[in-house]
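Remarks on the structure that follows.
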Amino acid sequence: MSKAALEPVKKKFASEVISEHAQHGDETLVMKKAKIQAICEFCRDDPAVAMDMLSDLTAVDYLMQGRETRFEVVYHLYSTTRRHRLRIKLPVGEDGAEVASVTGVWKSANWMEREVWDMYGITFEGHPDLRRILLYEEFVGHPLRKDYPIAKRQPLTRREDPVEGIWEQKHILTGPSAGAHFRGSYDIE
Amino acid sequence: MTSNSEQLAVQERVALPTETMTIMMGPVHPAMHGTVRVVVTVDGERIVHADVQVGYLHRGFEKECESVTWGQVFPYTDRLNYVSPILNNVGYAMAVEKLLDLEVPERAEYIRVISGELSRIGDHLTCIAAIAMEMGAFSIFLYCVRARDIVYDRLEELTGARVTHAFCRVGGVKDDIPEGWLEKVRGGFDEITGVIDDIDGLLTKNRIFLDRTQGVGVVSMADAISSGFTGPVGRASGIDYDVRKDHAYGVYDRLDFDVPVMDAGDTFCRYYVRMEEVRQSLRIIDQAIDQIEPGPVKAEGAHRVVLPTKNETYNTIEGMIRHFKLVVDGIQVPEGEAYTYVEGGNGELGFYCVSDGSGVPVKVRCRPPCFIVTGQLGNMLVGHTLADVVPIFGSLNMIGGECDR
Amino acid sequence: MGIELYGVDSLQKILGWARKYSMFKQPFVTACCGMEYMSTMGPRYDLSRFGCEFVQFTPRHTDLLFVVGTISERQAPVLRRIYDQMADPKFVVAFGVCASSGGFYQNYAVVPGIDQIIPVDVYIPGCPPRPEQVIDGIVRLQEIIQAGETHSQRELRQLAEAKG
Amino acid sequence: MPADTYLPLIVFIFVGLIVVAMFYVPAILMGPKNDNDVKLEPFECGNEPVGEPTVPFNPRFYQVAILFLVFDVEIAFLYPWLVYYREKPTVWGLVIMGLFLTVLGAALIYVVRKRVLRWA
């Protein structure tokens, strides 16, 4: 986490930098989201920075903390040659939550961006096939948003769904309570 | 003669056009570990396109972490990479300790190293068992499971559970080592080494195994770096990056071990790097057992973080209040964010934790090494035959819990 | 329809004995319980001592659906389809707390217990259950089979009769 | 020497049928029948079946099947000839089988030279 990673980027994209800190030793740059592709290409190609691996890409929802821009997309970059790291954070507003995709720069971004789209609803324009990765297509909404209730289920199938043929009528047992409705005990002895 | 077969091929393509067939190697498939569906478009036997669909074991890890206190997240981290659970515990514990700037006593670090390396041996043994069994070598599966049961016995004696240990705590580990445990751990070494040598003899020179794994699923070093390959899969493609060596955390700088790196980048290398790493882990545990000294197991004097001992809780009012506050409101982690990374079973296992000062985390992001590796499975499969899907997928060691979280 | 045999006691005993000691297992393995399932199948705990060793991955050749691990909402239709495609007589064992009740994943992603989707005969608690618990669950199921109709069979039969 | 009666053959076939019936008839009689439409669909790893199975694929696979058939039947013909030849080794028998083997040997050489199977 040496300073060497942060200075060149800050010098080159001074206009983009919003703020900078090094909490707990993690060099972090908070930047505007407009030129993220150029920044990432610079990070990868510049010999002094040489971030040839995108270690992690995720987003954070600051709805409860009352920030003006709700989301924040976080990139963790790593250099296998220089052995140093850098974190880039892009504040992203809620309406029109859109960031340029960096799959062109690193191949590992492909699935991570799909997961951020699936979980937070932040679209990555320029992504080869942006579709849900962890949830099923019929799922409505983005679960990791703070305003999505944790237990709001959208079941694909339940026991009483008719299977053609034998299960057509409602199943004969009492209603589908929390799965504990037929604890019959078998008197075997 | 060869021109003759080219003409033959050209005539065929013109006269007898063929169509591709879509085959679903779905979640219920012996080689797909139950949670991945690969929709393969096949021309004859050659794979033209493979769409890998994961998410069948998405259990909402992050959503659950955002609704429990910092201390209660540990059981969830067990079930991320459930093949080497203690490595996840250590990763998450270090992330919170980084946020708290907390010092962990040396003995706790050594216990974390010993149990973590035991967990890593279990991970590699399970992966080798899966690779071999899916290619028909069922006896290797039985050898590996027998050796892994030894590891599970030692970890059960230490933590109380065979698979889901929840052994680490913020600021150290749950309990000290039971009596005579270290000798038992060392006693199990020769059996594990015996099993590894048996597998070496059976598989590494086995003609069928070599033909099916060498030169299959090759990933060049440049591709591997751009695709974020870390861990055994990355080291098999030539990336000399091991978090324990390059960013030594805990007491790894006092232990010497070497990092096996091969550069062919095919399925055989991924298998062989894991075999070598089991031996290195045994070496690490051996040295750690020699270097460990008695001492406290939890951070001293960190009243706001570490639970008081049982007799303090029941006999003193301060202990009881402290215990009550810690359990109900959780550890009050100061506001901020931190990213720590450890060498997990499949690679760089990172934890990015964000806290807003309350007892409940805002975000606990786990960097899933096998999710990022499986992302490239689609490109690796193109051009291979249908039978190669099994060894390639087996060698990536995709674990459902860590991949889908 | 099968000949009404449940009346003939001695033949039913033979039938129960034959079915209980020759169960072909469809391991529907998804999550951490899979590790304990491997240990149960391994040489040390060895589930095959109870006649329940042979592992088949197609529902056509199996009569015991061993649901091992968490069933997420995305996996539910797959589980339902596998259960429907299994040959009769079929039994279902829920292996582990996540399969029995969703475990400590009570959220949008996980089915709260597979009895929300298919009828279950034996629930094995534990997260993951120890191999001994699994063997006890299998022995429990064998007792139920020996006693005649298991729960899911009775339900299927009643529904078949109700359908006429 | 032709067997004077065919009784052993009939008994052999009859016992075979009995054993087969022993497995199938009880299963058909005593097995519960709960058919539904999903059960009759093809099994595709837990998904709805996609695409139709009869897709025109490469004729090379058909070629491999035919080649196997030819050489397998050749071995099938060798067995009775060998048993018979061992009892009464005549030159004429050798000539006939030699002719048979040379024809098939030529076919094998042709296949190898044409590199028909070299399409991996």
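Annotations
Note that the chains take the letters A, B, C and D in the order they are written out, and that residue 1 is the start of every chain.
Everything that follows uses one rule, which is that contacts are C-beta pairs under 8 Å (C-beta built on N, C-alpha and C of every residue); 3 or more make two chains touch, one makes a residue touch a chain.
What you see is a predicted model, and the numbers here were worked out from it, not measured in a lab.
In this view the innermost chain, defined by its CA centroid being closest to the centroid of all protein CA atoms, is B. If you compare B-C with A-C, the chain pair joined by more contacting C-beta pairs is B-C.
In terms of their C-alpha centroids, the spacing between chain B and chain C amounts to 30 Å.
Separation between the centroids of chain C and chain D, computed from CA atoms only, is 38 Å. Our note on geometry: chain B versus chain D, Cα centroid distance of 47 Å, whole angstroms.
Contact of a single residue of chain D with at least two other chains is seen at positions 34, 36, 38-39, 46-47. Among all residues of chain C, those that touch two or more other chains are 74, 78, 82, 84, 107-109, 156, 160. Residue positions of chain A touching 2 or more other chains, listed in rising order: 135-136, 143, 150, 163, 166-167.
The touching residues of chain C, counted against chain B in their complex, run 28-32, 34-36, 38-39, 41-44, 57, 69-70, 72, 74-75, 78, 82, 104-105, 107-110, 127-128, 130. Residues 135-136, 143, 148, 150-159, 161, 163, 166-169, 171-173, 176, 178-180, 182, 184, 186, 188 of chain A touch chain C in their complex. The touching residues of chain C, when paired with chain A in their complex, are 73-74, 76-77, 80, 84, 101, 106-109, 111-113, 115-119, 143-144, 147, 151, 155-156, 158-160, 162-163. Interface residues of chain D, counted against chain B in their complex, comprise 44-47, 50-51, 55-61, 113-115, 118-119. Chain C makes touch with chain D in their complex at residues 1-3, 5, 15, 58-60, 78-79, 81-82, 84-86, 88-89, 153, 156-157, 160.
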